[in-house]
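A, B, C and D are the chain letters, set down in written order, and residue numbers restart from 1 in every chain.
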Amino acid sequence: MDLTVNLGGIKLKNPVAVASGTFGYGLEYADFIEPEKIGAVIVKGTTLHPRPGNPGPRIYETPAGMLNAIGLENPGIEVFLREYLPRLRERQVTVIANIAGNSIEEYALMASLLQGQEGIAGIELNISCPNVKQGGIQFGTDPETVRQVVAAVKKETSLPVIPKLSPNVTDIVAIALAAADGGADALSMINTLGGMAININLKKPVLGNIFGGLSGPAIKPVALKMIYQVYREVDLPILGGGGIVNHIDALEFFMAGATAVSIGTGNFVNPCLALELLEGIKKYMQEQGFSSIQELVGIAHA
Amino acid sequence: MDLTVNLGGIKLKNPVAVASGTFGYGLEYADFIEPEKIGAVIVKGTTLHPRPGNPGPRIYETPAGMLNAIGLENPGIEVFLREYLPRLRERQVTVIANIAGNSIEEYALMASLLQGQEGIAGIELNISCPNVKQGGIQFGTDPETVRQVVAAVKKETSLPVIPKLSPNVTDIVAIALAAADGGADALSMINTLGGMAININLKKPVLGNIFGGLSGPAIKPVALKMIYQVYREVDLPILGGGGIVNHIDALEFFMAGATAVSIGTGNFVNPCLALELLEGIKKYMQEQGFSSIQELVGIAHA
Amino acid sequence: MPSLEKARIISNSKQYHNLYIMEIEAPQTVKECKPGQFLHIRSNPGLDPLLRRPLSLYDVDKEAAKISLLYKVVGKGTALLADMLPGENLDIMGPLGRGFSLPESAKKCLLVGGGVGMAPLLYLARELRRGGSELLVLYGVGNEKELLALERLEAIGSQVQIATIDGSRGLKGPLIPPLFSEILSAEHIEFIYSCGPESMMKLWQEWARINHISGEVSLEEYMACGVGACLGCARKAKPDNEFYVKICQDGPVFRLDELELE
Amino acid sequence: MPSLEKARIISNSKQYHNLYIMEIEAPQTVKECKPGQFLHIRSNPGLDPLLRRPLSLYDVDKEAAKISLLYKVVGKGTALLADMLPGENLDIMGPLGRGFSLPESAKKCLLVGGGVGMAPLLYLARELRRGGSELLVLYGVGNEKELLALERLEAIGSQVQIATIDGSRGLKGPLIPPLFSEILSAEHIEFIYSCGPESMMKLWQEWARINHISGEVSLEEYMACGVGACLGCARKAKPDNEFYVKICQDGPVFRLDELELE
């Protein structure tokens, strides 16, 4: 059975990745799951300079989902390259970096810093983080800006570039087409939906940042629709995710048009999910007589 | 304790309404709950001509939510006025009509047919139904069109007009401002999020219409955020809903800025919810020393 | 008038594999029950699953205020039901829907129930017998252990013919007319009732048409409201119809001549 | 090394009002347990609630491979836990976090536990006693019936002083230093451990500072991952710090001198 996939030039040993921000720098969960067995580990979003992140509370559970407003806490790209990457390289983890910038120039600069770094398989562009006030969200909602960010990054690197699209837009296809236009090698979708919660005892927003990003099973239907739409109109492989917590969910994403899937919130529920889910996929393929995962991709469009 | 509210000129005996499409024509649930005791019954979306609706399956459960693609099945506005309205009037139900058109002219024509009809307290404009292919969704996603629809309807009627906003937009505040510009008396938000599901055994979309609208607790964080944002920027009362299934949910909506709330999917779980929830609100108000529901509106912004 | 009730669970136990019978005490609801109607049940107080689940009235004892349900565990909702214990409360709404019509005078009736499709037919059988009708029940299952209603059917005096897929009891094969042609040719059937997989019911519809027998069947569809308010459980009674019927309100029982089955 | 384990529930019962004790058999997990660490527990197989819930190691018996949990039902997750039955499996992940540090040589230790804040202190007390330390435990609750850990504390030979809000046992009043000033002035405390409401711990922090006593406290925060991967359980150890600590990884136990409590 062939589980390898080619995600815009990144060869993955299997089509299940773990999503940025939900799996730290790849080793936090190492007592529970071997990160080198996972299709790809997309590490925590990195910025040019260190960021302390948002004040708490940063997370809150909602029906079949959760809100987060981490605010891109991270030690900056240099620390990432110096301290975290070598350990991941040593373990031969398939690493996709995830970067967020405050300007097109910052994205390009980070891409150039990643260029030539051994152990990085590709770059995911977070142009859709709803928790960062300066920069971030606006990039992901205007097609022309998306095109420019992608093009600027592509100019600095030979690594596959995967913009991660925000679902908080009127026309996801327009954004995806713009990313393709800018030279994207694949698309990652979806990031979190904007949301909030209110503490009725304190009579104020729960999150320190007021607004946060909604993830988890609650958003799965939204993710599937956007992927289904983009698959029809845009000729790029899709890394699909949003609410996957079991292999049935993952199969829905493949059938909607995802070449690979990513697990975010699901890791919190079950840290072994990425590999357990793979077993479920294999079993389904066996029972249904599929020999390659690629046969499943987009099959629901027939 | 004062539970009455003024929703853009509609006097409601209490601030809990039932949402369009989830409570039929107001009498289907009459064995379980007295519709005249509910703050307002927003009846099933009506079109100018009868519509058979979409092929099945039309509904599907998702994590803490559901998808629907009813496709605006309804007998047309004349049958509504002739057969359903009189029965509601007789029972003194506070009725808000919900209309959906294929063109600005159709909206205006329906508004003129509702004008002067005894027993209608206001008109909700469904400019955001994601399940109708011709017309519907596009109206709700372009600010200028929203302004025009609202203005055209306002010209034909003296009834309070409440456009119902789609959450499937990049900038909800822009849409809300446009609606205000067109002369809206209040805003209803939010309608369902676009979504879909796939049946992995049949390897095709579950819904007959492929796409549907996601409702229920899953979308509550999204609804709250949009209402919070619009409350800050737009000076109109808001009829807030999306995922309310208990009084705590409802209180979150008031605190975010809703003047009244609507219950949709929650009716399916508990047909008595609208009134049970009211009791919960009263108890909270008592315990917390509020004497009027209006004191709660927008309190989370302090 | 249907009602919302917290019914006390009297018993709830696995009968075989994934088949369960639950008995509840529902003094309010029980009064209104008619064969073929259903209860709309909340399987848990949480939000997953969110919606109620429809289950047929399997057996009803109005004097004892007891309702029995026969259900198959197929997913989350029914799995949670199976976990409930005697003494707990079950949140039920009902009885809902249009049930089977009972003949005005005694008739010779054929009841065809496949698997859990037997669920709505036992209570029907009971009421038909009370009205003096004679019953031939064709009961099809995979294996004889699934014949949960058999004892009760025989106790009320119905003639039961069995088909099992594995041949463990009765005739061997699926519950389709040819398997019973001999038995049926010896009977003068006046009305047919059926519930089970639609493809099976379609064959019986065809059989009834050929033999000029009227009848009724019970259909299924996903449901949200259960009362005709959401228009979710729609299907076309006949493919060429312009409009849709609602299973929860116009059905779940339909006359054979109203339908074109698939 | 922490692990994921399906632990068998040995017992799970209400002790008083909303307070429960659950005993589980967790042969893998138990080996690694240290006082002050926590288990990250999935309270149901469904999606509501979705996330795991952190609970402290209340008591640990390594020979018998048993872990006890003391929990208060406050919401959905703990309510589902309370419904679980002996024989069922509990999905646990752990032990996680940085626990209490044990002194290298025997000391005179003060343990201050408010309400369910006693949860992490019993196992700590047991280990401190094993190391020969002498313990004075201040145990504050609303009503004497909530003193669930009392028997075990006394059995291991700790001196326990009680404060109840309603005066039903011991001193009457909240668990704050002035209430115990007499008792404390007679003791030569070398180290303090505390867990309970933060406002209470803050007062004990102040007391410790004045008396030049070092100590540790256990903090709480909403958690998602429990292992430092999501950065969700962040708080500033001191308001002026630029960066945040993670309760799940840097804590839940912190040294008093690292913190400015609120």
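Everything below uses one rule, namely that a contact is a pair of C-beta atoms (placed from the backbone, for glycine too) under 8 Å apart; a residue touches a chain by one contact, two chains touch by 3 or more.
None of these values were measured; they are calculated from a predicted model.
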Those chains which touch chain D and also touch chain B: A, C
From chain B, the most remote chain by mean C-alpha position: D
Distance from the mean Cα position of chain D to that of chain C, given in whole angstrom: 54
Chain A-chain B separation of Cα centroids, rounded to whole Å: 34
Whole-Å gap separating chain B and chain C, where each centre is the average of the chain's CA atoms: 36
Whole-Å gap separating chain A and chain C, where each centre is the average of the chain's CA atoms: 47
Residues within chain A bordering two or more other chains: 63-65, 216-217
Multi-partner residues of chain C (at least 2 other chains): 47-48
Topology of the chain contact graph, where touching chains are joined (line, ring, star, complete, other): complete
List of chain B residues in touch with chain A within their complex: 62-65, 67, 141, 168-171, 193-198, 200, 203-205, 210-212, 214, 216-222, 224-225, 228, 243, 248, 251-252, 255-256, 284, 299-300, 302
Complex contacts: residues of chain B adjacent to chain D: 63-64
Of all residues in chain C, those that touch chain A in their complex: 47-48
Residue ranges of chain D touching chain A (in the complex, touch as defined): 1-4, 42, 47-52, 93, 221-236, 242-244, 249
Chain C - residues contacting chain D, complex: 44, 46-48, 76
